[in-house]
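Please find the structures below.
Shared between the two complexes below is subunit A, which has subunit B as its partner in the first and subunit C in the second.
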Partner chain A sequence: MLIIGELINGMYANIALALKERDKKVIQSCALEQVACGADALDISCGPASKNPLIDLPWLVEVVGEVTDKPLCLDSSKPQVIAEGLKAAKNPTIINSTTADIEKLQILLPLAKQYKSKLIGIAIDSKGIPQNKDQRLELAARILEQAGQSGFALEDLYLDPIVMPVNVAQNQIRDILETIAEFKMISSPHGKTVIGLSNISQGAKNRSLINRTFLTMAVASGLDSAILDPKDKELMDTLITAELILNKNIYCDSYLEAYRKR
Partner chain B sequence: METQLVLEKWPGSISVVTIGAKTAEGGSRSQTVQIGGQTALPLMFKEGVMPNRPKIAFEIWDIAPVDFEQELMTAYGRAINDPFTWAQVCVDEFKADLICLKMQGTHPDFGDRSPQEAAKFVSKFLNQIKVPLIITGSGDNAKDNLVLPACSEAAKGERCLIGSAVQDNYKTLVASVLADGHSIIAESPIDINIAKQLNILISDMGLSLERIVIDPTIGALGYGLEYAYSIMERARLAALSGDKTLACPFICFVGQEAWRVKEAKADGRQGIAWETLTATSLIQSGADILVMRHPKAAENVLWYTDGLFRGQ
Partner chain C sequence: MLIIGELINGMYANIALALKERDKKVIQSCALEQVACGADALDISCGPASKNPLIDLPWLVEVVGEVTDKPLCLDSSKPQVIAEGLKAAKNPTIINSTTADIEKLQILLPLAKQYKSKLIGIAIDSKGIPQNKDQRLELAARILEQAGQSGFALEDLYLDPIVMPVNVAQNQIRDILETIAEFKMISSPHGKTVIGLSNISQGAKNRSLINRTFLTMAVASGLDSAILDPKDKELMDTLITAELILNKNIYCDSYLEAYRKR
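Entry: the complex of A and B
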């Protein structure tokens, strides 16, 4: 499972401040802490507070690239910002993200190919958030079709069913889990799957418990990757255990430690 | 349409373990032996590399063997009564790359030699026999905990492979091996979960995973060989998929298992066949060191290995 650390994001106060004051140390230690906790890649977002993401995102990318070689997940809804991030990156990259809108796909797919970047495609378009499984599958099919046509390797494509908060769209969560499994039935070769985990508990109490419970269900549905807080130890322990139960790793009494020794 | 072969590409690899140290490396061996380093399943040469062939280690005891079959006694003749001559014959006549010295004479029921005597014996052995050395205890845990540290110290700097550590008795041996610069055999009872756990316990004491050789415990042909085979295969699949805690080479004690079965006891030639077939099957499941008893069986396995690696 590809674990993408979510903590370098301008919506967090410490990162917003570090970004404003160009304080490398805060950003870099946040990167290293996440890697130490098991992040395989790091999400990089300057968040809504940034007045100039075209400059802020490349700065974050360079600063993080100074301390780790892990892949960076360039997080912005604006293709120009992504393009600036890609230019600045020495690390492998994942574009986060494109929607299923054709005009956006036509910009980001060539960009991903040019920079040999992976790409997250969210099952959403300008008409809004899908309300059921069929709409999600239709949007994913559109992304897969465009990717296939442009010669983008489908195994480098991560499809996101778009997770809704449990206290907003409780009736949709089962659909979302089923979508994770069914995304892989749309095409062959199939794309991979990713979720932004923390969305599930947005605005709720007991966030960590909700996150790890949902993650277990998603992993059992065949999830390949998640954007999450790797510093949540109980969450990581739950993930390692879920993968163990699914026979992804060989059991031993110290399996948690064994996973972290990889 | 031509059928295309599907080739696996593995992210992991097996670690390389070196046995023996030459003078320049602080030892006194005439050569060193490397095992491991595979990047694919055994003999899948198109999928990855297998830089080191499986090696045969001749099993030698520190006393004249007491329960060996007549066929084995005959194969070595009078030499088998003296460990030094016995080992020298293995090196000179049978071209042994490695000797596996079993300190059977320290067992309470087989002479009960003291740790001091054992250490003296190992020093003398190292002086006379110059190929890299594997040293194993007599199998009596309490005694091994006294004997093996003494042997380890006597062989300091020679980069031996010493065993065996087991799940409920590993700390003493790990500490010695760590201090004296050797590698360790980690033995588990045909159980992949324990093999993995033991490797973690050993590495937690500071001995790196790259200095561990797994003894998965094997059964001879017809006596559980397939269980060992599948455990080894499963460990390899995990290791090649990236599980470093299982990415160690394997040592298989073939001779002692093959000559234990009634088919081998009934007929010497059948015994040779039994030892040969047990060893060649284990090569296919990933064995890196085969500890063997009969020189003819060893010769058969060498011939078989040459065939497998021809053109590589």
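Entry: the complex of A and C
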């Protein structure tokens, strides 16, 4: 499981302030804390309040790159912002994200190839959020087709079914779990799968409990990667246990500690 | 989800002592506590130390029946002990359990019909514990065939795939989860499914964490019933949340409290 830490995001007040004041220490300690808690990669987003993402994202990328060589997940809906982030990055990169819109795929797939970046493809397009499994699979198939045509390695593609909040779209959650399993059936070699975990509990009361329960199900459905809060210890304990149960790590009595000492 | 409380079992010291001293209060308060925590039914077992299960099981059944009318799950490997329990029971009953051995099925299926009891059928026979999914399905098919031949209603049959401890048979756990889903594909009308949850963490260190993580996966695989400790609040919170995510209960912010007030 590729664990992508979600905490360097301008939608959080501490990061927004640090970004505004160019306070490197706040950003860098947030990066190091997440790595210490088990993050394999770090999402980097200026957030919606940034007025200068073309300058802010590369600054974040450089600042984080000074303290860790973990892959950075460049998070923006604007391809031009992604391009500036890629130029600035010394770390390996993951583009987060392209939609299934052809015009976006035709910009981001070549960019990903040029920078040897992995790419997250979200099962959504300009027509809106899919409402069922068939629509999600159709959008994923379009991303896979474009990736194949442009010679992009499918192993470097992470398909995202779009997780909806349980309090908004409760009847879609089972579909989303099944989509994670079925994304693999429609590609060869397999594309990988990723989710933005926290979406499931947006606006809900018991957020951590809902997050870890849904993550357990997603792992059982074959999930390869999740963007999540690695500082949520109960969530990480659950994730490590889910992978243990599915025989991805060898059992020992102190398997939680063993995983953390990897 | 039919939640069967596991705590009235002579393998626990307090129950063994109460059984020996015919202390009704201990047994009855254990029954009422489990019901208060959400148990829909109660497993009743004399445990391995009982020298007189033919007398002890009926006594437990009568004592519990004085304080609750919840279904009782008569737990013994000896058909004669089950028969005595059935005779004593005023509550609805579930026989726990038959194996896939023909001679046992031919005793317990007629007994279940006679007493209008439900029946747990374990995917095991005198040859030993199955080692993979195909063996489990074969054993379940034999139980289903015998039930069909004897006119036993398949809706009243609970198939148990046998959960193995993760520290003993880690490579079998995914198979067991898939078996839960596939048991339903081999019967029409569907047989139900049940697990003895605590087996998964037998001898392990983080028992509650392993139990609730496995239970989440089993619920996503379509599990209908589990024998578990309803006094484990984190386990029950997780179970309620798993069912919420799968749209079995309507979302509200205080869904945990709402479920408990049913």
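We take it that the second predicted complex is superposed on the first by the 262 of 262 C-alpha atoms of A that agree within 3 Å, B and C clash if a C-alpha of one lies under 4 Å from a C-alpha of the other, contacts with A are read in each partner's own complex, and residues count from 1 in each chain.
The rule we apply is simple: a residue touches a chain if its C-beta (ideal position, glycine included) is under 8 Å from a C-beta of that chain, and two chains touch if they have at least 3 such contacts.
Computed from a predicted structure; not experimentally measured.
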item: Comparison of subunit B and subunit C by subunit A residues contacted; value: C
item: First, second, both or neither for A:Lys261, with subunit B first and subunit C second; value: first
item: Subunit B versus subunit C as contact partner of A:Tyr158, first or second or both or neither; value: neither
item: First, second, both or neither for A:Trp59, with subunit B first and subunit C second; value: neither
item: Contacts of A:Phe183 with subunit B and subunit C, given as first, second, both or neither; value: neither
item: Touched partner set for A:Ile245, first subunit B, second subunit C, both or neither; value: second
item: First (subunit B), second (subunit C), both or neither touched by A:Asp253; value: both
item: Contacts of A:Phe214 with subunit B and subunit C, given as first, second, both or neither; value: second
item: Subunit B versus subunit C as contact partner of A:Tyr115, first or second or both or neither; value: neither
item: Where subunit A meets both subunit C and subunit B, residue numbers; value: 250-251, 253-254
item: Subunit A-touching residues of subunit C, taken from the complex the two chains share; value: 166-167, 170-171, 173-174, 177, 200, 204-206, 209-210, 213-214, 216-217, 220-221, 237-238, 241-242, 244-247, 250-251, 253-256
item: Residues of subunit B that touch subunit A when the two form their complex; value: 192-194, 196-197, 200-201, 203, 234-235, 238, 242-246
item: Touching residues (chain side subunit A, partner subunit B) in the complex; value: 249-254, 257-258, 261-262
